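Next up: some structures, all given as structure tokens.
In what comes next, subunit A is part of two complexes: it sits with subunit B in the first one and with subunit C in the second one.
Up next is the complex of A and B:
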């Protein structure tokens, strides 16, 4: 039972990370109708910035804050320089254009930081497990990720649901032309939304950096899962992204934790080890397929267009 | 086209053909030894391929850029960590570049996939890392030599060391590919205690081991054994430390902490033991020269991957010297390579009948000296160890 709780926390932690990526992706996709394959690059850039700034300032927190600001600036600049030319075009053009950006960023990072990758070391007091419930120990840093992401989710909720900018964002998601016709500076709104998405991706990258280290192409595998999350959750819906991210995180972790042992009852040891994790990722895609068939708008569709 | 132009063209062609004919005998005298080198030069594990290339280049420098007295041309190819790419590059080296030797291979699955074209074409091959059990056993070939080890030898030494430390229960974890399976079986074959858990994780994409570390914590073993080569080793050791297990359940490793990962792991790696057949501080002259010159040239420390590749250059040189650079004497070249008449950086070097070295395995530990982190030889765990697959190898004469 205690073990189950610990694995649940692992699932939620992965879900939190997916949420940070998916929230930005879903905002950009939902409001700007832009398929952004370079979202994973912003995740990578956030991690590289954090590792660099933390090394310069000697403080993890300070490094993280600077990295967040820097990623926001990079995101807004990227929107003004490149992304802006893709609006109103076909989705295939988006995919080609942002895939090009992804390759560009990988090479740029290789030129600036070299091919070897970096590490973002944690303060030594983080290298411990905390007792969250009697008998349940959980790595302190992973707990920090969960709490920090919950705070970000709350701030995002307040921003989108309770502020004027948030109202424009929501209005942009439901009817872009009308928002423009009402005299809102849509250009600026788009730049802001893209920057916000970039900052969220950068935050995910820098939070994950101490666990997975910082390397070129680190955002590419996880971006696929983030796309699955926004499809399950409903494109443009932050709440949907939150719920779907936790579902996907739990399925992935529980699958890795329990399926191999289960499958090994029936097949050989090594086959079970490959089959277990494959099955758990299959379940994620089957869930996505089921959502597409029965609720094509996702579990929590953003208000209809 | 006018007649005159045609004639000029014809004459030109004839002249070119004559020139080519005239050049041919000259080339036969000044033959170049062509070496195809396969390793991983892109992605997160490019650091390993880079270390191997630098060590091979240093080896060539030390031999005066000649092997067996002949000038050398090396063609480097990137396997991208993928067996299907590795075999394609291997075929390209054999068929279109027509190389004399193929050197390299980090990954057992890439080496296994590439083995057939190498053996079928009778291309002399020096594997400088991948130690798949099949190549030591039933798939052994007269043309394939290994300067590293068989996969399970190093974890076997770790298992012996765990017995010395009186470990009663252990949890084993590694990636799910050819080498990962060999490693876990290796440690299980010598470890006398009870194995209470065994995990194989998705390779190479899974880098978050939260679920597996929770499993290890719940199983309450006295020790964890891990095999994670390259960047994955950094991730595993970091997450092990972050999980708070470091003070509770000791970690034993094979190929997880090396000179490439240590500068990034720093304190997290200190005190974690592992086994290796070569450590940078082995006190023989060849090794001192290799390590000192490597540090001077590349401003970093060589890893065991590099040391094995440096040995490959010396091994090829010894073989070619024996046949005076005549690549057509395949049988004699093979006999000469089997003698391993060169100074290895690991000290004594001798091939078993399956072309796998018979060698010592040392206990190594990461230590901090001042602001420097380095790997240190602590003890010899096993002497003159021969892999246990040699019996399955029917080497033709």
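Up next is the complex of A and C:
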């Protein structure tokens, strides 16, 4: 039972992380109609910045804030220099161009920070375990991730649904030309949206940095999971991304935690230990396939958001 | 349209004009390229430069994968971002059977092709229900699923991969371990693949596929079951890429999940686009260019991506016709 609660929390934490990435991706896709494979690179860059700034300033929180700002700046610069030229073109061009950017960023990071990974040590007060329920202890930092992401999700909701910029973002998603015709600086709006997406990815990276090793290519695996999330949630829908991220996070974590044991109940031990991990890594893709069969547009199609 | 140009030339012009029409920079380059590929093992054997032959064997194999991708992407407009999965499935079928002691190619190869075809059938049946960006992401996601399954296969090396101790066995007289023989086998199969794609796209079947790329609704309205056509095309492409996977496993004597990591699918896509999508020989040129560039850059810098990355962006932005398109431009200009 304790194990179950712990795994639940782990699943939610993974879901939160996926949401941060998926929200940026889906926002950028919904508004600029751009497929961005370099999104994982921004996640990686956020983590590298956080590790570097935290080492320089000696403070985790200060390092994280600086890293967030730096990733935002990198994202906006990237949009102005390269991404902007890809708008309105074929999706294949987006894939090729941003794949090139991904290669570029991987090598750039290797050039600047070297091939060895980095670690981001946590402040000691976050290393303790917190009693979440009577008798259930959970690492404080993982709780911090969950809470911080929820706050970010709430801020994002307020930004998109309750502010003037958010109104323009939503308007841009439904009719680009009209927004431009009404005198809104669409170029600037796009740069801001891309920067916002980059900052969200960077935030995910820097929050995850103390748990994982900060290394080259760290964004490549998680990017595909974020894709699965937005396919399930419905491309272009932030609400869909939130729900799907939690579903995917929970199912993936639960599958990895319990499926191997479950499989061993039915087949021999040795076959089970080989089959279990393979099966559990397939579950979320099966879920994606099922969603596609029954609701090809995702759980929350963007048109009805 | 230049795919059909040759036919028209034969029909309408005189002998002398035919010759000059054939002597375009593009065709000359192709002829030189094919001659070079055909003679390479001779050079390698004479000089003992086996590295070059090994490099080009790899290029030929990946070119076959790019040709298969081009069939659905260039002609069918189906942007599959998961083609490395078929390389992996073909390779793993060979590797797993070899590990279980079955070395006969007469078992290994059909099993590998069948497995690739079945996977393509399943993925295609799901993906083809969607279009555009969904299609890209879903093919990507399913390929990544196969990647994780391979990592989970503890018995077959898991993350570390699996060494293949014995290459596929045909008759006693046919030995895949002979480097020159293996090279020529890959070369012949690549030419066969190009020929098959050429025949396909110029057939009625190919016309339907290309028609569906231009306007699917219209094709359906004329009465073609477009979904089935596209699915068959998708499966053919998957099987062809599976064949490349078989060859790749035999070439490297080793398989690992890294074979089908999603960036590998990206590489294949780059090869197809770089050479020129929608032309039968384009992906071959693209693969040679891309892999030689990668190899060449690695000679003097370990940071190839710094140059390759922006180059890809430039190709996406300014040179969508790829190398083939540039060569065609020379002819016109």
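Odds and ends about this structure:
The criterion applied here is as follows: the second predicted complex is superposed on the first by the 298 of 305 C-alpha atoms of A that agree within 3 Å, B and C clash if a C-alpha of one lies under 4 Å from a C-alpha of the other, contacts with A are read in each partner's own complex, and residues count from 1 in each chain.
FYI, a residue touches a chain if its C-beta (ideal position, glycine included) is under 8 Å from a C-beta of that chain, and two chains touch if they have at least 3 such contacts.
Treat the numbers as computed from the prediction; the structure is a model and nothing was measured.
Residue contacts after overlaying the shared chain place A:215 against subunit B, while subunit C stays out of touching range. Within the superposed three-chain model, A:126 lies in touch with subunit B and out of touch with subunit C [touch as defined at top].
In the superposition on chain A, A:35 makes contact with subunit C only, not with subunit B. By the touch criterion defined above, A:296 reaches subunit C but does not reach subunit B.
Once the two complexes are overlaid on the shared chain, A:228 sits against subunit C while remaining clear of subunit B. By the touch criterion defined above, A:277 reaches both subunit B and subunit C.
Judged by the touch definition given at the top, the superposed model places A:100 against subunit C, while subunit B stays out of reach. Comparing which residues of subunit A touch subunit B with which touch subunit C, the overlap comprises 273-274, 277-278.
Of all the residues in subunit A, the ones that touch subunit B in their complex are 2-3, 6-7, 10, 13-14, 115-119, 121-122, 124, 126-129, 137, 139-142, 210-213, 215-217, 221, 253, 256-257, 260, 269-270, 273-274, 277-278. Residues 43-44, 46-47, 50, 176, 181, 198-202, 205-208, 210-212, 214-215, 217-218, 231, 234-235, 238-239, 241-246, 264-268 of subunit B are the ones touching subunit A in the complex. Within the complex formed with subunit A, the subunit C residues making contact are 73, 79, 81, 126, 129-130, 132-134, 136-138, 140-142, 144-145, 148-149, 151-155, 261-263, 266, 269-270, 273, 303-306, 308-313, 315-317, 320. Taken in their complex, subunit A has these residues touching subunit C: 29, 35, 37, 82, 85-86, 89-97, 99-108, 110-111, 220, 224, 227-228, 230-231, 235, 273-282, 285, 288-289, 292-293, 296.
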